[in-house]
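Each chain gets a letter, A, B, C and D, in the order it is written, and its residues are counted from 1.
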Amino acid sequence: MSSRISRRDWLLSTATLAGASREAGATPTPGQRAGKPALQVASNCEMCFWRCGILAKVQDGKVTRIEGNPQHPLTQGRLCARGNAGHFTLYDPDRLKRPQLRVGERGEGRFREISWDEALDWLAARLTELKEKYGPESVAFFPHGVGSSFFATLMKAYGTPNSAEPSFAQCRGPRDVGYALTFGRPLGSPEPLDLANARAIVLIGSHLGENVFTSQITQFAEGLARGARLIVVDPRFSTAASKADWWLPIRPGTDIALLLAWMHVILSEGLEDKAYLAAYATGLDQLREHVRNFTPEWASRETELPAGLIRETARAIAAAKPAVVIHPGRHVTWYGDDTQRARAMAILTALLGAWGRKGGILLRTPVPRGHFDLPPFPEPKRGRADGAGDRYPLASEEQGITTGLVEATLTGRPYPIKGWIVYGQNVLESLPQRERTLAAIARLELMVVVDILPVEQTLYADLVLPEATYLERYDPPHIVETAARPFIAVRQPVVAPLYDTRPGWWIARELARRLGLEAWFPWRTPDEHLAKIIEPLGISLKELKARGAVSFEGRPYIESRKPEDGPLFPTESGKIELYSKLLKELGHDPLPVYRPPADPPPGWLRLLYGRAPVHSFARSQNNALLAGLMPENAVWINPQTARAFGLHDGQRVVLENQDGRKSLPVTVRTTPGIRPDCAFMVHGFGLRAPGLRRANGRGASDNALLSRVATDPLTGATGMHVNFVRPLPAEES
Amino acid sequence: MSEQATYLPAFSERMIKKHHVAIMLLHWFNAFVWLAELTTGAALIQSDRFRFAPQWYVELVTGVFGTRANMLRFHIAVGLTWIVVLAVYGIFGWRTYLREEVLKREIALDRDDVNWLRIRILRLLGRSNEPLPPQGIYNAGQKLFALTVYAMVPLIAISGLIMAFHWGPASVVGWAVVVHFLAVAVVVSGLMIHVYMGAVFPEEKPAFFSMITGMVPESYAYRHHRKWWEEVKMLERKRAAGELEEAAPQASSRVWAALRAREYWPAYWAALGLGLTLLAAFLLVGQGLGASGGFTRYLAFLIQLVAPGYAASHPYWSNYVQAGRPVLMDFLALELIGVALGGLVSGWLAGRLRWTTDRGPSVPVRARWALAFAGGLLSGFGARMARGCTSGLALSGGATLSAGAFVFMLSVFAAAFAGAYLLRRIWL
Amino acid sequence: MTATFPLDLSGASFIVVSLLLGFFFGFFLERAGFSSAIRLTGQFYFRDWSVLKVMFGAIVVAMLGLAWLSLAGVLDFGAIYVPETYLWPQLVGGLLLGAGFILGGYCPGTGVVAAVTGKLDALFFLAGIFGGIWIFGAAEPALHEFHQSGARGVLTLPQVLNLPAGVVAFLVTLVALGAFWVAEMSESRWRLYEKTYARGRSGAPASPAPSQDEAALV
Amino acid sequence: MARYAMVTDLTRCVGCEACTAACSAEWDVPPGHARTRVLPTGPVGEFPRLRAAFYVAQCNHCDRPPCVEACPSGATFQGPDGIVKIDPKLCIGCGYCIPACPYDARYLNPVTQKVDKCDFCAARLERGQLPACVTTCTAHAKFFGDLEDPNSEVYRLVYGRGAERIESDEVKIGPNVYYLGTRGEPALVREKFAPHPPQIPSSGQWWERVFKPLAFLMAGATFLGQAIAFFTQLRKGESQFDE
């Protein structure tokens, strides 16, 4: 008699059935936190790459609050604005919900929702087809973020060497190469800076406070509070500049001149750390000779900074040695001479004896980790297509050159690229010269995007796969060797994935199974994967997942080193190479040489860009809370310049660049806090993604105006501070 | 004031009907509401810049309600009830009562009224002793007060709703606060005279009692409301002459008569009684009324008596026969006994106790019994399947807005209507 | 200030209160004329709408009472037993009970009141009820799965319609007023029909006057 | 009982708005509104001699809160520990208190249609936690504690290091949020964000100045009339009064 009447309950359209997750993306439950029982899950954040420790509160199956995890050794319970607002992205109604196959033309944005099986079968078939027709090297992989490691394994097993993250050629590539050439090792992330114990901090173009990495801000504020002197070199009066003892509003592109002048003052007045240099450095004589006539007066003409100020700051820095942090910066791809500039900053750090010293740059403490013994990856028949390792020998083959892959796809040289797999990278927002990227995409036979939000690039994809957010998935643990106390922090799902989304490891493993590559995925569950990695550390899986992070004894200073930590300076000479023989052999300047930058023609302004504390590039623009804090960006213009252009504060303008590219309308903010020849905008706005209903079309995109780049000869990195704009009154409809 | 001095008809102290029962009910309802709302309202305004009442008073009343939030909720609850009742009176009573009674007799100020007011005030100031002009059923003072009340009540109601449910932006709510306070103040100033003249002023004592019994002595009417007295006299003459045919029953005691009446009560009175009983059940025992639950317990008791083992082990009956808790110690079981008694008493009072069989005209008695038994089988089975019957699930479930109850009710009526067509032979 | 109602009675006071509540329940049922099968079934022939008027009226009165008292914080609505929703059993159970109602002439509650006032057919009806419950009890293990199906726990209309309880109560009251209006119309039209046409129908004698149940004597 | 106070070090503060985000997430403040806001002051001065700071504005839980007086229904009140709270069940959202706050620390929540404000995270304090903004501040620039407890951090910062209050000549109502700044930040804040004299919307002012006296007048007049009638009636006796 029991009738299995279909579950379509005509009576109960809106009621929440026990267990079934609600269809509409509900905003978090109201905030009467007191008294209501909450499940607490420790994990780490992915609103940016610092991955601070978080405690997510879950009430009746929904994340209602995210707080800092006090037991996280780096961030100790503190969290920036974006961390606090993470669950608003989890419940963003505009999220990608189901796999979609393109039905319209590329860029039209018409898709058909399909099941995961159908999507993965379709993708496996297309990848096999491309492998047979053009060879595995014809597929390029554009990863970003920690979740991409599973896909990286898949791509290597598939047989393509072509993988490139923007974090090299568009961000910190030149810095890592510059420091590696000097000290033998790249700096890595999180930057190992002992800001709290520093007695002098030098920021060159780095705008701490607007660029917020939680623990770096805490230590920066602590260092200043303990009396560290702050020198900020920035054409813009940034937040850091407002706290500086000396603000050097330098002419953009002349940093190397300033650095050389500082070296001149220090060496000529004998202020360098002689014992340290004698023990650990080579090439001091060539350096002394090289900087002999780079006097502050010479530098003053180039940098438009008073010579006295240059001399005064040089002496202040030297006086604080060795507790001096020359902040290496993070996004340093500006003028095309970026690696040499990083070399200069590294050399200056060496002169002050700050590397491996208290208050300076911390040494890395190695942390052992377990590995699955995977079968050897197939040897690709053709070398990398992006030039890393051959045209740019110093470029990292691990991280690759994204713009190199775009060029290969566009020109077909060295060989044609027919397929792109994009995981967590926003190619149209993070790579300059978006017209070239769009042209390259047009030539592709396969474009797959794995993402969380319907950003602009998904319009051009053949297949869009919705990934679960960091609150709904497992990712490999965050192992940090560059902190005073090295540690391992875990990410675990706080709630089950909403809609029909899947974690990255599941997508990669299911695709591998369909491609017959499951041998490279010898584990079934995330716990199995995590247990293997933490095997040599001797800590229990349960305890790690409960606390969220476990730290170990650190040996950050030279005097605390142990033999098993490896050589102090793994360079060719085993010492700090002030003079780089390797660069000489490769035909580059062994010592940094200053070359004057091209100034903006009259009536034009140099476009500078930077970060805002409440946004992570384009990633958080659709987050309800963060968009509420900063819905749009503005263009900073000096009052004199504004008067010259006949503009007033608050006026809406459109920016046009030297190649005629125009931005969306944006508001002018006149402020004396910027050089008259510059204009500044926060990066990440002006998106053209109709799927992001809250963020689409708000503010102006700096990336849309980066039509010209200065390629760094050493690393292939794309310097992007070389575009000039002029503001035109916007005739708003 | 024609023959006042010469002819003072001997009054047999007869009582004349002044107020319709609906007006009396409405008046005392209003009195209660105004008492409740004024006491809590004055206490609700706490900041010195707005307060009327002294601080000790505010604390006193807040203490009664425990928290200020409860006091506000009570104030809103009473206010809503007041608005609903006035609305119901207004809507249902408009044609028959309000248009004629209110507009013509309570508000219309004629020349006499104006003079009455003028003289009355001058008299107060001791500057005149002219005789007061004759007055209608309500004197000018009462008409003036009625006018202010009718003007102020909508303001108070609307501003109250705006404040309670935040209709409109903060500025509108801000002005609603001012309007509410001011309108109340206007009515209160009038209220003072109304209460004084009605309850305290010795001369108007009959008026006070007229609001309870509805009657006034003829002498009072003659001296205070001459024009109305003449109207009544004229009506009486007409009735005596047989021209009027409407008859107002002079029920001595309505209640007892209702009890003894042979016909059934009008459904709405029975519904009210049943509704209040149901509400009382919720309040006193936390659950609604029921019937089929009672039957099941009695059957369970029977089975436990006959075969305790079977009852304890049986998957269905076992959950009625737990150890330690007697089967019949249950609200529904006891209530069923009450139902029987209540039905008996009511039937006895109405003289409806008689052995008979209800049946359609074309159905022999024995067939009717068989049909009744078959109907019982279906009802018993259906009630248990639905876990309740028309009195249990439908009434109690309906009152608590349980979704299942409404599904159940719809299907009962659907089946009954459908069945009625099929079985029209046995009933029509 | 925790709400004073519902009370937590036990022992003697519980028994007395239960009996009293039952007494008034039975009393008002009989007053409404629900001891007469003719009047009850009249409802389904559109002749006498007292069943709808009394039931719906009682529901509205109790519902508004519950709403005001809980709004004023006097009653804690959370502690009130709200019948659970079992979608399919209540649907099927309703149909059976409706059929039993029209066939037998009574429902369990009115059956008792009728029996007590001397209606022999009501006695048979009650016997039938005990039989029906016994059959259900025996069949329940087999029907258990269906008996539990469509379970939604305590599910109220405000949750289903996603509206605040106050609004739903107001809507139910409106529906009730509408139903009463229909009832009045229907009854007055039936009386008109009764007066003019009833005599003229072929064969069947005129049905007895609705108000007084002078059914033919035994 | 405690006397809670907050100290914000504007030299350490980098204006990252973590406090605003944490507070809004903790108390479901709708986007576009805030209980605590980070307001930039500056840069002021001539290029390149410039000064700038961030003003972390919030409710100061003042010793003499003008907002409590402005609330007709007493929905907003000050507890013995100094925290000024709002009882949402009592607030009718009339908004009188919003302009009455010299520090603009109150807003009307469009979702709940009630006024909302910082309550020093009272619920978290009861659980033994610090307010959300203090816990999450990336620059460790916010300190919270009991000003009456001599060995509390806020006591040391206020009486030891001389944390300053943001007051203006017309408005001295004892705010309990103090600000530190080694580079003249509090002065910069006072320049741009000095507290404005408390005022209530026009409706409230009309009531206070015009309608309330009018109401008392009316009631007084009728009461007086009554009294006269009562006494004359007493003196002249009943018979005289034929109407």
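Everything below uses one rule, namely that a residue touches a chain if its C-beta (ideal position, glycine included) is under 8 Å from a C-beta of that chain, and two chains touch if they have at least 3 such contacts.
Computed from a predicted structure; not experimentally measured.
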Two chains sharing the most C-beta contacts: B-C
Distance-to-centre winner among chains (Cα means, whole assembly as reference): D
CA centroid of chain A to CA centroid of chain C, Å: 70
Distance between chain centroids, defined by C-alpha means - chain C, chain D (Å): 56
Centre-of-Cα separation between chain D and chain B, whole angstrom: 46
Length of the line joining the C-alpha centres of chain A and chain D, rounded to whole Å: 41
Touching two or more other chains - residues of chain B: 73, 403, 407
Shared interface positions of chain C, touching two or more other chains: 87, 143, 152, 155, 159-160
Of all residues in chain A, those that touch chain D in their complex: 28, 30-34, 65-68, 77-85, 87-88, 208-210, 212, 214, 217-218, 220-222, 224-225, 237, 239-243, 247, 249, 613-614, 624-629, 638, 671-673, 675
Residues of chain D touching chain B in the complex: 68-75, 87, 89-90, 92-96, 98, 108, 113-114, 200-201, 203-204, 206-208, 211-212, 214-215, 218-219, 221-223, 225-226, 228-230, 232-233, 238, 241-243
Complex contacts: residues of chain B adjacent to chain D: 44-50, 52, 68-69, 72-73, 124, 126, 131-132, 163-164, 166, 170-171, 173-178, 181-182, 185-186, 188-190, 192-193, 196, 200-203, 223-224
Residues of chain D touching chain A in the complex: 9, 11-12, 14-18, 20-22, 24-28, 30-33, 42-48, 50-54, 123-124, 126-127, 132, 135-141, 183
